[in-house]
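The same chain A turns up in both complexes below, where it pairs with chain B and then with chain C.
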Partner chain A sequence: MTEIELLSWARGPGLQIATVIFVAGIVIRFFEILMLGRKANLAEARGSEMSGGLKTMFTRTVPDRATYKRSAFTITAGYLFHFGLFITFFMFAPHILLVKDIFGFGWPSLPTPIVDAFAVITIISLLAVLANRLNNKVMRYLTNFEDLLTWFLTLAPLVTGYIAFHRIGFTAPTLLAMHILSVELLMIVFPFTKLMHAFTLFLARWYNGAISGYKGVAS
Partner chain B sequence: MKKEPFLTKVGPKDAALGDVLRSNGVSRRSFMKFCATTASMMALPPAMIPMIARALEQARRPSVIWLSFQECTGCTESLTRAHTSTLESLIFDAISLDYHHTLQAASGHAAEEAREMAMEENFGEYLLVVDGSIPLGNPGYSTIAGISNHDMLVEAAKGAAAIIAVGTCSTYGGIPHANPNPTGAVSVGDIITDKPIVNVPGCPPIPVVITGVLAHFLTFGVLPELDHIGRPTAFYGNSIHDRCYRRPFYDKGKFAETFDDEGARKGWCLFKLGCKGPTTYNACATTKWNDGTSFPIEAGHPCLGCSEPDFWDGGSFYRALSAPTENIARTAAYTATGAAVAGIALGALNRAKKKASSKAHIEITIDDLER
Partner chain C sequence: MSASLDKGISALKQQVDASVAAFFSSCVHCGICAEACLFYTETGEPERTPINKTEPLRRIWKSEYTLVGRLGKMLGLTKKVDHKLLEEWETLVYDSCTMCGRCSMVCPVGNDITLMIRKTREGMAAAGHAPAGMIGASKRSVEIGSPMGVRLPALRAQIKHVEADTGLKVPLDVVGAEYMLLLSSMEIMNFPEFIEAIAKIFEKAGASWTIATEAFEATNSGIQIGVSDIAAELVQRIVDAAEKLKVTTVISPECGHAYTAIRWDGPNLVGKKFSFKVRHILEVLDEMRQQGRLKTSGMESGKLTYHDPCQISRRGGVIDEPRRLIDMISDNFVEMPDHGKMNWCCGAGGGVSANERADELRLKVFQRKKDQFDAIRPDAIVSACSNCRIHLEDGLEEYNMDIPLLSLTETIAEHLAD
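Moving on to the complex of A and B:
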């Protein structure tokens, strides 16, 4: 297989396989979660589920002071790499073209040197969270294989993307193919690991907020 | 100096290249300039320039046999249709092109005799240039004088000092090799494995790259350094994207969205219009075409990636490199529909399980435990 064939495979059949697993996994998991159902709450409602739920979906975005004080590093580095991931994925011109090609709409991109800088920040933040995790005895004890796998699969597209952009080590078609394949690997693992939080995040927040809302307390 | 190529005075067969050039009115100054350009193009140190000059001047015209198989003659056109007669084309004329069925005057048996004679006289020394792919599906798909392309190549390769595969068809199969490859087309390198082969891909390749390879061979007696797919690194060492004058626009995020929008008029990056520059290695952006006039991107058209293997099968030429080659939206929609049904079924199964287990639940009281 030549490198162009590999790149064509990654852009075509490879992406199709990854998309099938990714979409099927997410949709099936969503239906399973939604169909779990909830027991009827016999207590009298003291507030609105909806307003409590909706409010919490946004308030949880800002960490409360006590939590921040306790784990300032994890929160800061966590925010950094999430924001960096957002910029590198959604604001890089070639990525926007991919979105536009699939969904039919796009948006203006950021200049590549800015996206490049964010990629570096994101990579450093991801390395920092792993170092922090392994340096802390409790966190290390709690770390399982899935944590390391998802960390690696999140970092891989960033690193391969960075070296593909700067053409380090290999020729361009190989680098681009490696980058696309690393993303496809991430897509395949996505629905079956904690990475799923990207989709269940607001659902879970709403659920927590709704419970407190029903009771008429702050969440 | 306007001159038709192949009408230059080539002199006797054993004339040295220097004599041929002089008899065509090429001054010492322009000859040295050519040597310096060749040296710099091939990333050789300046100290090599006199050596190149000396070697080229004294070089005897090597015998070249040019075989054309499944091809469109575009590669030959590229070499011979230079607007003005250049030193490069003179160097090319100054080789002894003993067989080239498109260019030679002889035809039929006389032409084939010329090939056989050249092969015999220069056994082990001649250069074999090949353009076009070789069909393996059926020998009858492409024949010359009743000889199949495969047999002619194998026979001619036996006595060749080296082979120069010219054009994407002979280097990687090209259009004939494109899916579904009805003739079973393969490249020269797929058949000949025991001879040094230089791949000079491109559809067509840049003329100066061919003369550069010839100059290197005449000077050093060996072939230039090649990359992992057999291309001379001196010419194919950089990607079009890395050497493109529109690269700053890519970095700034300024793209032409269509062929006639403001971005296109301002000469912004053509990535969104499908430019394959980032994955294509060739010298177009530096040597350019038509005597250094321009190259496709400069003319406002995205790079097709013609010097890369299987460039015909890489999806639409006008589809951005980061866009998928298959219809992913349709795949996702079908999958989502199927998965929704599966999800509902699984959810129902989970509910049934939950219901069954709560039904099977037996309440135990303190009295039961005390019994």
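Moving on to the complex of A and C:
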């Protein structure tokens, strides 16, 4: 297989396979969760499930001050790499062009040097996240293979993207193929690992907020 | 209560619902919940991290209710729930958790970890891995009607004293009374002043009330150990008595988990809506205050603070009521850091106080409460849970701190206006 063939495979069938697994996987996971249902609460309500649920979906994005103080590094590094992922993924001109190609719509991009800087920041913060995971005794205790795998698969597209953009080491088609393949790997693993939290956290927050809201309790 | 691993596994399966699945799907192992748990902050032992306590339930969810888990199970790759795991987890699930709910407040993905631990207990108990002290308390609750073995004659004896002291009648089994008062065994045996306070306050307020001789116990060991059948049976006794006496409102006394048991879990345990209301005593008193039926005179001397019992404040939502009531009797009220919905647990809730094995641990983690008290150095601590009260007194003694513990209801009664 030549590098051009590899690139076309990654862009064509590879992307199709990854997309099908990604979308079907997410649908299956949501089905798996929601199918289990939840018993109706028979206690006299003091508040509303809906308002509690909706509120908590947003409020959990920001930690309270005491919690932040106790887990400052984890929270800061966490914010940083999530924000960096968002910028590099959604604000990079070539990515937006790809979306426009497929879906027919796009949005304004950030200047490339800024996205480039964010890529570096994100990579550094992901390295810090790993160091923290291995250093912090609670995180080290909780860490399993999946945590390391998903960390690696999240980092890989950033690194391959950065290398591809700066054309380091290999020729352009090979670099781009590597980048696309690393994204596809992430997409395939995504629905079946903790990466799913990107979607299910809204469900989880809703349930927590709804359970509390029903009781008229803050959450 | 015959127990087996099969029963434990099937109990765990029954506990998995959409919320549990969403919670486990969302956990990223960030460890932030550890910092919200006094059993971690005061011991520094990572296995006491809240989410780790749910491991038996997680394994069942993963292997039974996810595609990947089921595939893994077919290939023999998933981690099993066995006696070894449950034995190892027993001290984490029972001794190291008071169901205080603080972890559920800080989880960034929104997991109600406390609920997950509560559900894990159902499997632990069904498999025979619950602490002996809690099994004993549950047994006494079912057989005698009280976790401490308090029988009706003991209550009658205390009532006789109260009536002699106050000259007031403590009404028993009055059909059509507005309020039916529940009591914790702890109140009957250690704090009969509580009954006295109710008699005085309700007399002044002109409210009709009664105690049911067939169901006076408020606590629910079934909730704590995690056996829904027992919990439901204990709730049903109260429902039967309240329906027989045709009362409007059942009052949950100064006891944390009793409120959760009867107010929030009760109807769900017996599977039907109540025909009466359930209110915590502080809600009732605050309502009387609002209606002008509760009037006080004079102020407490010295600096007061309020210890929020977890099940009443954080998990129960009764946070403003005690503060409005304290305002009636104190002009020197000071909040502790992390008060209200983020208050730190006393360390003895959720059945920990019924579990002698955990005695040393609960006194160790009391250091967190001590720090909170040290921050404001109150002259007295007011609270509204007799279990908190007993343990706080224990802890203060252990740490050589001389601060009196007051019941809010009793203190209000002392200030009743003539």
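What we mean here is this: the second predicted complex is superposed on the first by the 219 of 219 C-alpha atoms of A that agree within 3 Å, B and C clash if a C-alpha of one lies under 4 Å from a C-alpha of the other, contacts with A are read in each partner's own complex, and residues count from 1 in each chain.
By definition in this document, contacts are C-beta pairs under 8 Å (C-beta built on N, C-alpha and C of every residue); 3 or more make two chains touch, one makes a residue touch a chain.
From a predicted model like this one, the values you see are computed outputs, not experimental measurements.
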| item | value |
| --- | --- |
| Side-by-side fit of chain B and chain C on chain A, or clash | fit |
| Touched partner set for A:Ile28, first chain B, second chain C, both or neither | both |
| Vertex chain A; arms to chain B and chain C (CA centroids, nearest 10 degrees) | 170 |
| Which of chain B and chain C A:Leu36 touches, first, second, both or neither | both |
| Touching partner for A:Thr76 - first (chain B), second (chain C), both, neither | neither |
| First (chain B), second (chain C), both or neither touched by A:Ser48 | neither |
| Touching partner for A:Pro173 - first (chain B), second (chain C), both, neither | first |
| After fitting on chain A: smallest Cα gap, chain B-chain C, Å | 5 |
| Intersection of the chain A residues that touch chain B with those that touch chain C | 28-29, 32, 34-37 |
| Chain A contact footprint on chain C (complex, rising order) | 16-23, 25-32, 34-36, 40, 44, 46-47, 49, 51-52, 65-68, 104-112, 115, 263-268, 271-274, 277-278, 314-317, 337-338, 341-342 |
| Chain B partner contacts - residues on chain A that touch it in the complex | 2-5, 7-8, 11-13, 15-16, 19-20, 23-32, 34-37, 93-95, 97-98, 101-104, 108-113, 167, 171-173, 176 |
| In the complex with chain A, residue positions of chain B that touch it | 172, 227-229, 239, 241-242, 250-253, 255, 271-272, 278-281, 308-311, 313-315, 319-326, 328-329, 331-332, 335-336, 338-340, 342-344, 346-348, 350-351 |
| Touch list for chain A against partner chain C, complex | 28-29, 32-39, 41-44, 46-47, 56-57, 60-61, 63-64, 66-67, 70-71, 74-75, 78, 136-144, 147, 192, 194, 196-197, 200-201, 203-209, 211, 215-219 |
